[in-house]
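One chain, subunit A, links the two complexes that follow: it is found with subunit B in the first and with subunit C in the second.
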Partner chain A sequence: MANIDALRQEVSRVLSEKIVDVVLGFEAGSLPTRNQPVFIHKAKESKRLVDNGFGSNNLAALLAQRPKDEKIGVICRGCESRAIRALTVEQQLNRENLYLIGVPCRGIIDWRALERAVDGEILAVAEDGEDLLVTLKDDEKKLARAEVLHSACRNCRQPDPVGTDVLIGELPAREGLAQRSPDVAAFLGKDADARYAIFSEEAERCIRCYACREACPMCYCTECFVDHITPRWSESMVSKGGTQAWHIIRAFHQTGRCVSCGACERACPMEIKMEYITDRLNEDMQDMYGFEVGANDSDQPPFAAFSLDDRNRFKE
Partner chain B sequence: MSAKPHFFLFQCQYCLAASDDQHWVENDLPKNVKLIKTPCTGRISPMFVLNAFQSGADGVLISGCMPEKCHYIKGNLGARRQLDEFARLLAYLGMQPERVRFVWMNVSERGRIQQEVVDFEAQLAALGPSEKFAAISASGNAGGRYGQY
Partner chain C sequence: MSYKTTPVNQFPKLVSQWIKKYDVTAPAEAKNGLEYKTIGDPAEMMLNNRVNTTYAPKAFFLPQSEKLFTVEHGRFQAPELKTKPRLLLGVRPCDTRAFWLLDTVFLAKGEEDAYWQRRRADSLVISFGCDTPCASCFCTSVGGEPFGREGSDIQMTQLEDVYVFEAFTEKGSALINKLPEADAATVKKVKALQKTSAAEMPKAFDNTNLRDHLYALFEDDFWKEVAETCLGCGVCTYLCPTCYCFDIVDEVQRGERVRNWDTCMFRVYSQEASGHNPRPNKAARTRQRVMHKYAYWIDSINEFGCTGCGRCVVNCPVNIDIREIVSAAQARSAKMEAAK
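Take a look at the complex of A and B:
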């Protein structure tokens, strides 16, 4: 957890020294379990910034809409810094216009899991080390932070920000980070019929609001395949074919690009699991092409590149 | 529904060097095989493959050129990466991996496509009809423009 005063001080400094025009971070939302993204334009506004486990958006998703020549500071955790790197490699962002303020991350709290874990309305939540102190109407409850962590953060392989300009606070010692998604391994452990049953059960709950697409930092196409009229790539109705096609192709377009931040799952009103597909595709890309998203500033995603070395794989 | 499996043949228009092979594919394919001819395998979007399955096909056969023999120099290399991974994704989500097959043609392989079509049909017949991913809606219009197969 970054020292919030140090963070606000740094934001005030870069704004008053005109290093950046605007800083993107989180402020408290309308509910105690929700944060909302905020653009800080003036140094004195920096006191609005908060740094707790409720920032469920990926801030990198908001950068694509900003003016191209704006100098912008971003308070970034591991997943945001990786998304920014991947977007820079794909030439969607100009790294020179960005000032990345790295903060250590302790994972994002799944507010739905928190609400299920307590009875009644949550009035306030305070973080105390590894515990959460939840204030209810006439009660107070202590919960372990790890219990209500979002699954994407529990499986996170790289919580520390990379390639930042400045780091606020100290990075905690990390140990025992899973290198492979346990969700993928569990899914693969089932037989084909069970896998299809799980996938179709998940996909068919979809109401096609596209909140996952809007929350995703890597979904920046100006026209999505589902919005095409001619040709109509997939059924646009909320039907078996339509929702399955959306979930398959959405995930496939993230192959070797998904930064596994889990913003799509947190944005989903139907609580549909999506990471188990994209994580598997990323693991394939790592196994076959040795590619890891956001690992460096130069490698193109495997589908944007190809090599004659692939020729051996043509022999079926 | 007849006992014969229905499947799509996606064919790169340059992969059959022999003109009588191309003539056979265009005119004499069995009725249960639907031909989609493309300029290059690089043109085959994974969405074509998904739409084929959603409209009730039992399998997809993709025929393209060997690496370094691509008319467009590198179209098949990009296609190979994408389509191969897409087939793996469908298998991960529960489809039998044998339902998608790639045939990479060499210039000298005259008459191979006929054999591949027969082999693939036999393989699909052994697997039985595909039920997963088929999504023909009440209107009869399934994923995309192909309509009821």
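Take a look at the complex of A and C:
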């Protein structure tokens, strides 16, 4: 985590020096295990900012609807910085209008897992190194942070911000980051019937609130395929066909684009696991095209790129 | 009406009998915490859970997707509505209050919705009084109570090792009339618990003149500020026990006319065929959601269209808290008034 005073100071500086019009970060939420994204418009408001494990969202998802000419500062963890890179490559953001303030990331706490682990009304949570100190009504509990980390963060391969304008705090030494998602490996270890059963059981809970879509920085279509009426691409109901089609097509559209931040899963009120699908598709992109989303400022995702002199031919 | 009682450890036996006659539907463990399930064994029910279910039980009367009719080879076919009666057990009073509110929509005289009406008539609702509200609960701020009676046939209250039942309707009374009568001391304890639970619940906001405050802000930039971080998803409305908007779709390949929940938080909800959208941004859509609950419901039946269950508070992916919106609206409107 960044030194919070240094972070607030930097935000205050870029606002007062008019380097940016507004800064996007997190402030404390209305419940002890939540943060709210916040747009800081004035230097003196920078004291509202927090930096803790409860910033559930990928802040890059809130950039698409900002005014085109706005200069905006964004407090970025690894996944936010990669999403911004990917959005820049896809020409959705103008990097020149952005001022990226990198912060070290220790992973996001899955508040649902935390609330279940302590089983009681949480009054306060303090982060103390590798531990969480949870204050309950008549009790205090200590938990290992790792125990209640969101799975996307547990599997994260690139927690450090990339391509930022400034870094607040020091990046920790990273060792033993898994190169492949263990969740994908576990899924692929099962036979087709078992895999379909897992997928069905997850998709079955879907209520089509599209929180996953809205929380995703890479879902920016002005008209989503599910909202399209002529032709209709999927059943409108919460039927098996309707929900499965949603989850499959959503994932497919993310091929080589998903930044594996897990914001979709954390936004889902039904706690549907979805990231194993997009992670799997991303592994294909690595294996087949050597492509890694957010790795640099230029490479187009393979399924979004075309060239008139494409070297691959359909028939030799 | 009289109070009946049964020891907590005898209750599963009673539920087993009910299971033979009814689809007994109660909170039970689910992959995402707690959800209503039709149980085959009383051991599955989890009545004493600290938190409510994620998905509101309104779905048993207004399913999220419902087949209204089928057309096969040009012939109209009415759907078969389930005939085994349902016993909804352990519903929190905020959710039963929502049934009562929605009855005013779907059972309005002369405009009864056949599907809602049939399901309500075929169901019995046993509510479970709350003595330990959560931090996200605010029923007493919007006209409800932790032991509110509206929308239920029977209310059960736990007093240590006994459950006490009070029936409010004839069909409720018929279900429990063979249970032993509660003695005067027990009844006294139940009444005392109901009183203290309501009194101890902190108020999230003062709802006096809330409707007028909101109308005063209708054209204000307030909504732009409130909606600045809104994602525009349907979590708040789809989990809400009182939201009832729907869209009717012809699923041509199935030959079905379907009614699906819809939400004012979606852009396409108010999108017109011409391309014009009268609620063109998240600010306008957020205003609609809040105004409907706290102003338009007041206009139509003088009750808030919110029961304070807190599902939107708990589950909003960006933690937009409707209680904070209401409090901020009151403060802003009072300030505007003072400046006049």
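Throughout what follows, the second predicted complex is superposed on the first by the 305 of 316 C-alpha atoms of A that agree within 3 Å, B and C clash if a C-alpha of one lies under 4 Å from a C-alpha of the other, contacts with A are read in each partner's own complex, and residues count from 1 in each chain.
In this section, a residue touches a chain if its C-beta (ideal position, glycine included) is under 8 Å from a C-beta of that chain, and two chains touch if they have at least 3 such contacts.
Just so we're clear, the structure is a prediction, and the values are computed from it rather than from any experiment.
Q: Does subunit B (first) or subunit C (second) touch A:56, or do both, or does neither?
A: After superposing on A, A:56 lies in contact with subunit C but is clear of subunit B.
Q: Once chain A of both complexes is superposed, is A:116 in touch with subunit B (first), subunit C (second), both, or neither?
A: A:116 contacts subunit C only, not subunit B.
Q: Which partner chains sit in contact with A:307 here, subunit B, subunit C, both or neither? Use first/second/both/neither.
A: first
Q: In the overlaid three-chain picture, which partner chain does A:39 touch, first (subunit B) or second (subunit C), both, or neither?
A: After superposition on chain A, A:39 lies in contact with subunit C alone.
Q: Regarding the shared-chain residue A:72, is it in contact with subunit B (first), subunit C (second), both, or neither?
A: In the superposed model, A:72 contacts neither subunit B nor subunit C.
Q: Now for A:225: first (subunit B), second (subunit C), both, or neither, which partner does it touch?
A: In the superposition, A:225 touches subunit B alone.
Q: Quick one: classify A:31 as touching subunit B (first), subunit C (second), both or neither.
A: Second partner only, subunit C.
Q: Which of the two partners, first being subunit B and second being subunit C, lies in contact with A:239: first, second, both, or neither?
A: both
Q: With the touch criterion stated at the top, can you tell me which subunit A residues are shared between the subunit B interface and the subunit C interface?
A: On subunit A, the residues that contact subunit B in one structure and subunit C in the other are 235, 237, 239, 242.
Q: Can you name the residues of subunit A that touch subunit B in the complex?
A: 187-188, 192-197, 199, 225, 231-235, 237, 239-242, 244-245, 248-249, 251-252, 255, 277, 280-281, 284-285, 288, 302-303, 306-308, 310-311, 313-316
Q: List the residues on subunit A that touch subunit C in their complex, please.
A: 29-31, 34-39, 56-57, 61-62, 65, 112, 115-116, 119-121, 201, 205, 207-211, 213-215, 227, 235-239, 242, 263, 266-267, 269-272
Q: Quick one: which bits of subunit B touch subunit A in the complex? Just the residue numbers, please.
A: Those in contact with subunit A are residues 45-47, 50-51, 54, 66-68, 74, 77-78, 80-82, 84-86, 88-96, 101-104, 132-133, 135-137, 141-145.
Q: Can you list the subunit C residues touching subunit A in their complex?
A: Per the touch definition, subunit C meets subunit A at residues 31-33, 50-51, 54-55, 64-65, 134-136, 228-229, 231-235, 238-239, 247, 249, 251, 254, 258, 260, 263, 266-268, 282, 313-315, 317-321, 323-324.
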